[in-house]
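Look for chain A in each of the two complexes below; its partner is chain B in the first and chain C in the second.
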Partner chain A sequence: MRKVFGPLAALTGLMFVASPFIVARAPFESSMGIVSKIFYFHVPSWFAMFTAIAICGGASLIHLFRNNPRADRIAEAAGEIAVVFGLMGLVTGPLWGRKAWGVWWIWDAKLTIALLLEMTFISGIMVRKYGGPGSDKLAAAVGIFGLAVTPFVYEAVNIWRTIHPLTSVVPTLPQRMAVPFWFCVTAYMLLLVVLLMLRVNLGKRQAALDELYLAYED
Partner chain B sequence: MFFRTAWLVLKKDAAIEAKSWEVLTTTLFFAVSCVLIFAFAFVKEGRAVEDAAAGILWIAIAFSGTLALGRTFERERYSETLRALLLAPAPRAALYVGKLLGMLALLGLAELLLVPLIALLFQATLFARPLLLVALLAGGTIGFCAVGTLFAAMLVRARSRDVLLPILLYPIIIPVIIAGVRGTTALLGATPDEPTAIMWIGVLGAFDVVFVTLSLWTFEPLMTE
Partner chain C sequence: MSLRRLLIALTSFVLLSGPAFALQPPKGQSEFVPVDTVPLADQLPAAPLLITAYAFVWAATLVYVWSIWRRMNKVEADMRTLAQKIPHR
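Presenting the complex of A and B:
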């Protein structure tokens, strides 16, 4: 893992440096003009958040049933990263909404749901911080329920009337927009992997340090 | 064996409650206070804002339910009776079901009081389609209690459990509350919108299936120290 980390981090950095130029060269979307460009950062951050939620939920399940500290560290890292990417989506969304809808925020289904998911995973961080001993299991329960709720909340968009652009827009992108879009998605996914590796490693070192303290006190 | 254990847990909780009626009376009182507080927030010139009744009903259920969950499990902490329960040679999931049934009964009683009260105070036509209303209330209450009972049980051992219960519970059950409020709102008004209410009952049913299954499945590992 350590061998891949350096090149991976470098590649991610390069892609993020290149992405503004690639996004700038993409054609304008006819009805929105320049503000539509935020799409190249807004949508990938949600992709990354949903991926992080899936990782967190899966690792939580493994930790809960197998009592596996490694899975717990992955769940902790993925939960925090989900919050980070969610925050990116929640910041870039209103910036676009202000131009497209004239308001920063509307109580649209998709926005409400995004906020709920963000809050669910923030509550997961809180329970780890303030729950005291054994809170890793509690956070695992939050991760599992968060994952279980996600498809519902995603589907609710189709039930509820919504003014947010539909998710079906992505496969219908013209090629000159699709290429920069998937470039950005790849960059975000790589960033997710890099952050995950960093955070898991940090967790591992914290655990090792705690063990050393305990050994020293004995 | 399974249902007998659940029944015994329910009977034990009912017997303890019948000694003082502490949880029931405080929950009912709190539910009524919630209604009053929100009544003042949503009343304009002597009349409630349109459709406010549905929201007030579900907020009162969620808030008083959280209080009841906290109190019920606080009781199990005295002299570590929850640990004794967990040590019993019985399926853990049955303990969960017993606790869940107790919570459902408690909130059901609260709703028996809340629904007529809100219908009366807000001139809400809650009883226009009684069966649909009962289905909505049942679906929403089961969803809320399924997650609530699991979280309250697992938080018994945690520090700052009183604060953590609503913090963990609300983001996850807000979809249930949304479905309940939307469905109930559809029933209000001059012509109740039945298809919308039925659609939301379906959503609640799906939530209930997922939440109860997940809770039964994770209760055992969550309660293992």
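Presenting the complex of A and C:
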């Protein structure tokens, strides 16, 4: 695992450095101009968040029903990373909206449910921090609940009347826009893997420390 | 004499009412004229928003990596302290 980490982190860093140059070469969207390029950072951050949520939800299910500490560590790490990517999406979105819609924020179904999803995973972190004994199980339940809500966040534009661009935008991207977009998605997914490896390792060391404390008390 | 007074009164009225007429608000807009482009001065600059978005992604990543590094250092320091207290480990 350690052998893979270095090259993976270096590749991720290089892709993030290269991404603005690749995005700069992409054509502008006809009605939005320059600001449309926030799309290349905004949408991949949500893709990464949804992936982190899927990992967190899956690991939470394993931990809840099989009481697996390794799965719990993965769920904890993925839940925390989901909050980081969600924050990126919630900040880059209003920066785009200010120009495209004329306002920073609208209490539209898509935006509101995305904010609630972010708050769900923040609550998961708080449950772990302040919940006391058994908080890992409660946090696992929160992770599963977050996983169940995620499809509604993605499909909100198709279910409710909203001014947010539709899910049909990505599949219909012309090649000159699709190539930089999927390049950025790959960079974000690699970042997710790198952060997950770092955070799971931290969890492992914290578990070792807890064992050491127990040995010391005995 | 009365003609002179009348002339003074008329001249005074014209001179005093001139600025009052000049300071009247402009006529209300009677029709809207459509244009295809917003005047340049009214356009919100987009580049700073784009740069802020990219910078925020970097900042959030670096802050998160720093927080992991800090927590890891604390865990390692606690482990070293405990290991010294437990001789057989």
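By our rule, the second predicted complex is superposed on the first by the 213 of 218 C-alpha atoms of A that agree within 3 Å, B and C clash if a C-alpha of one lies under 4 Å from a C-alpha of the other, contacts with A are read in each partner's own complex, and residues count from 1 in each chain.
Keep in mind that, in the parts below, contacts are C-beta pairs under 8 Å (C-beta built on N, C-alpha and C of every residue); 3 or more make two chains touch, one makes a residue touch a chain.
Since the structure is predicted, the reported quantities are computational estimates derived from the model, not experimental observations.
What does the overlay on chain A give for chain B and chain C, a clash or a fit?
Overlaying the two structures gives chain B and chain C room side by side.
Under the stated touch criterion, which partner chain does A:Phe16 make contact with: chain B (first), chain C (second), both, or neither?
A:Phe16 sits against chain C, while chain B stays out of touch.
Counting only touches as set out at the top, which of chain B and chain C does A:Leu209 meet: first, second, both, neither?
second
Give one of first, second, both or neither to describe whether A:Ser45 is in contact with chain B, with chain C, with both, or with none.
Touch status of A:Ser45: second partner only.
With both complexes overlaid on chain A, does A:Met119 touch chain B (first), chain C (second), both or neither?
After superposing on A, A:Met119 lies in contact with chain B but is clear of chain C.
Touch test for A:Gly146: chain B only (first), chain C only (second), both, or neither?
Touch status of A:Gly146: first partner only.
Examine A:Leu64 and indicate which partner it touches, taking first as chain B and second as chain C; both and neither are also allowed.
A:Leu64: touches chain B, not chain C.
Just checking: does A:His164 make contact with chain B only, chain C only, both, or neither of them? Give me first, second, both or neither.
The answer is neither, since A:His164 touches no partner chain.
Between the C-alpha centres of chain B and chain C, what angle is found at the C-alpha centre of chain A, to the nearest 10 degrees?
Approximately 90 degrees at the chain A centre.
Between chain B and chain C, once the two complexes are placed on the common chain, what is the minimum CA to CA distance in Å?
24
Pick out the shared contact residues on chain A: the ones touching chain B in one complex and chain C in the other.
On chain A, no residue contacts both chain B in one structure and chain C in the other.
Would you tell me which residues of chain C are touching chain A in their complex?
On the chain C side, the touching residues are 44, 46-47, 49-50, 52-54, 56-58, 60-61, 64-65, 68, 71-72, 75-76, 78-79, 82-83, 85-86, 89.
Flag every residue of chain A that touches chain B in the complex, lowest number first.
Answer in residue numbers: 64-65, 112, 116-117, 119-120, 123, 126-127, 130-135, 137-138, 140-142, 144-146, 148-149, 152-153, 156, 159.
Could you pull out which chain A residues touch chain C in their complex?
On the chain A side, the touching residues are 16, 20, 33-35, 37-38, 41-42, 45, 81, 84, 87-88, 91-92, 95-96, 98-99, 191, 195, 198-199, 201-202, 205-206, 208-209, 212-213, 215-216.
Which positions of chain B touch chain A when the two form their complex?
Residues 147, 150-151, 154-155, 157-160, 163-164, 167-168, 170-172, 174-175, 178, 199, 203, 206-207, 210-211, 214, 218, 221-222, 225 of chain B touch chain A in their complex.
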